[in-house]
């Protein structure tokens, strides 16, 4: 039996709201029985309709890496953020740096992160990143000790509202740093004396 | 009560109702009458359907459309004990409570058989009263449990609807000290813009790191928040950028200034370092 | 500064959606600064408006014990529930009976539950109820052994869409022993065919 457009739209709406994670098109598709099946295109057009219907509401239906989710519009943040008396868990500089290195250099071992940061990466930081499901072990480097290779997850992208890694500031920036630091090394000695 | 897997026709109770079988009551059962055959597994499953002796008793009573208030103790006791004996013959482990109830029923029955005194005294209670009270009490909670099971249940009938908090709340809204990736990205922009000014002559005198540190501190001394890019005077060219950048790194390291950014691609702001509890 | 009705309504909407738990009126009230404060009545009237606005959507804004929450309307459950391939485990009769006794008789000890049910209450069942945060220990009975007194939680009420314990289905009346004895006097031993 073919379901009405309105019913399908309601089901998509309810499913995206009820899902604890962003919901992909495939996951939406499996909610329907064989005789109720809809094409990807039909689903996408209904999602578009839903997005329009929420235009005047406090929420928006957005697409992130792993699918669709409803999100409270940023302009209400000044009030909504008061629900969490302690500010949302603060990300330390060390954690952000480690995360950035994993994001840009993945897959990467802990030793490699340490080489880049110049300091030991604390176990807590790695654990915190695992706890948030922002990183995973994707394999092992075939060197003595077979260290784990770390990479970022979809949840990492979702948490930072990125659709893909390509949305990260380009790697070129890092090459720039290398040239900058070289330049700085050349300049410093000279300049410091001024 | 959950659905029993045993068809009604093979329930042992039906067999127990047979008058001939009643004669074996009280004797040690070594062999079951042929019409009483029940697969041992099925009997065990059947017992699993009961939540205890009170539940089994209620079943026996309800099955015969009897009122709890007026239990024919002798009949119910006979059925109950037959049941228990069947279980034992079949080597089914019985919870101690079932045996205790059998003893209690037997006791009530024997007390009822005693001749009543001609003038009943007030204190003497019907021996069945306590059992009836317990059966009633159990039955109302059994019903209450069924009612609760009918309520809309979260995760089964009811699904909560949630949305993500605003993006700002997911990102560090507090100052953080130089996320390198973000800092570098901003730097790249600065470099790009200053590249256009490259042909200008660089005035060496104005480019002391010490002096730049001072200048930045002076600009921020009243707690102003300045856009990161604005700290880089375009006129100084590439070298100026490098000196300013070094000054910023130095001030960050000394925790004299802090950088703020709400999200990727949002402008980075610089301000005096404010002490906040980590 | 007084906020516009529409803005306040949007803030309430966003907050209820963003909160991981149902949101009470007090919790909604603290989202507003002193000069933006609204009365309970005003908040309630705005919530009513929101409820009307969602009349045609797949969701409804309902009140449960710990506050307001959005939930998917029951008619869409057949599809939404397919998001979870394993059905939620059925609550056993033993668990439901134990829960019912705690709900109606709280605070109550384990021994008291056992007295009513006529069987030992398994540790698994008590543990399962604690694991779901449906029950808590609210004290100890001052008898030898100081057994724990068990009571139900707000989460229990929330889980069953109840606003308060008074909304539980009424407990069947018990016929008092007086009438029992009277009735029994009319029934002779002989009539019972002993």
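By written order: A, B and C. Residues from 1 in each chain.
Please note the rule applied: a residue touches a chain if its C-beta (ideal position, glycine included) is under 8 Å from a C-beta of that chain, and two chains touch if they have at least 3 such contacts.
The model shown is predicted, which means the values in this text are computed figures rather than measured ones.
S.K.: What's the chain with its C-alpha centre farthest out from chain A?
M.R.: Relative to chain A, the chain whose C-alpha centre sits farthest away is C.
S.K.: Return the chain label for which the distance between chain Cα mean and whole-protein Cα mean is smallest.
M.R.: B
S.K.: In angstrom, rounded to a whole number, how far apart do the mean CA points of chain A and chain B lie?
M.R.: A distance of 28 Å separates the two centres.
S.K.: What's the distance between the Cα centroids of chain A and chain C, rounded to whole Å?
M.R.: About 36 Å, centre to centre.
S.K.: If you average the Cα atoms of chain B and of chain C to get two centres, how far apart are those centres in Å?
M.R.: For chain B versus chain C, the centre distance works out to 14 Å.
S.K.: Send over the residues of chain A in touch with two or more other chains.
M.R.: Counting only residues that touch two or more other chains, chain A contributes 14, 17-18, 59, 70, 72-73, 76, 80, 83.
S.K.: Listing for chain B: what residues touch at least two other chains?
M.R.: 159-166, 169
S.K.: Which of the residues in chain B end up touching chain A in this complex?
M.R.: Its residues touching chain A are 159-174, 176-182, 184-185, 187-188, 191, 204-205, 207-209, 238-239, 242-243, 245-246, 263-264, 278.
S.K.: Applying the document's contact rule, which stretches of chain C touch chain A when the two form their complex?
M.R.: 10-11, 13-15, 17-19, 23, 27, 30-32, 57-59, 70, 72-73, 76, 79-80, 82-83
S.K.: What residues on chain C touch chain B, complex-wise?
M.R.: Result: residues 14, 17-18, 20, 59, 69-72, 74, 77, 80-81, 84, 87-88, 91, 93-94, 96-97, 99-101, 103-104, 116-120, 158-162, 168-169, 171-172, 174-175, 177, 180-181, 183-184, 187, 189, 192-194 of chain C touch chain B.
S.K.: Which residues, counting only chain B, touch chain C once they are in their complex?
M.R.: Listed in rising order, the residues of chain B that touch chain C are 1-2, 51-55, 69-70, 72-75, 95, 97, 101, 109, 112-113, 116, 125-126, 128-129, 132-134, 136-166, 169.
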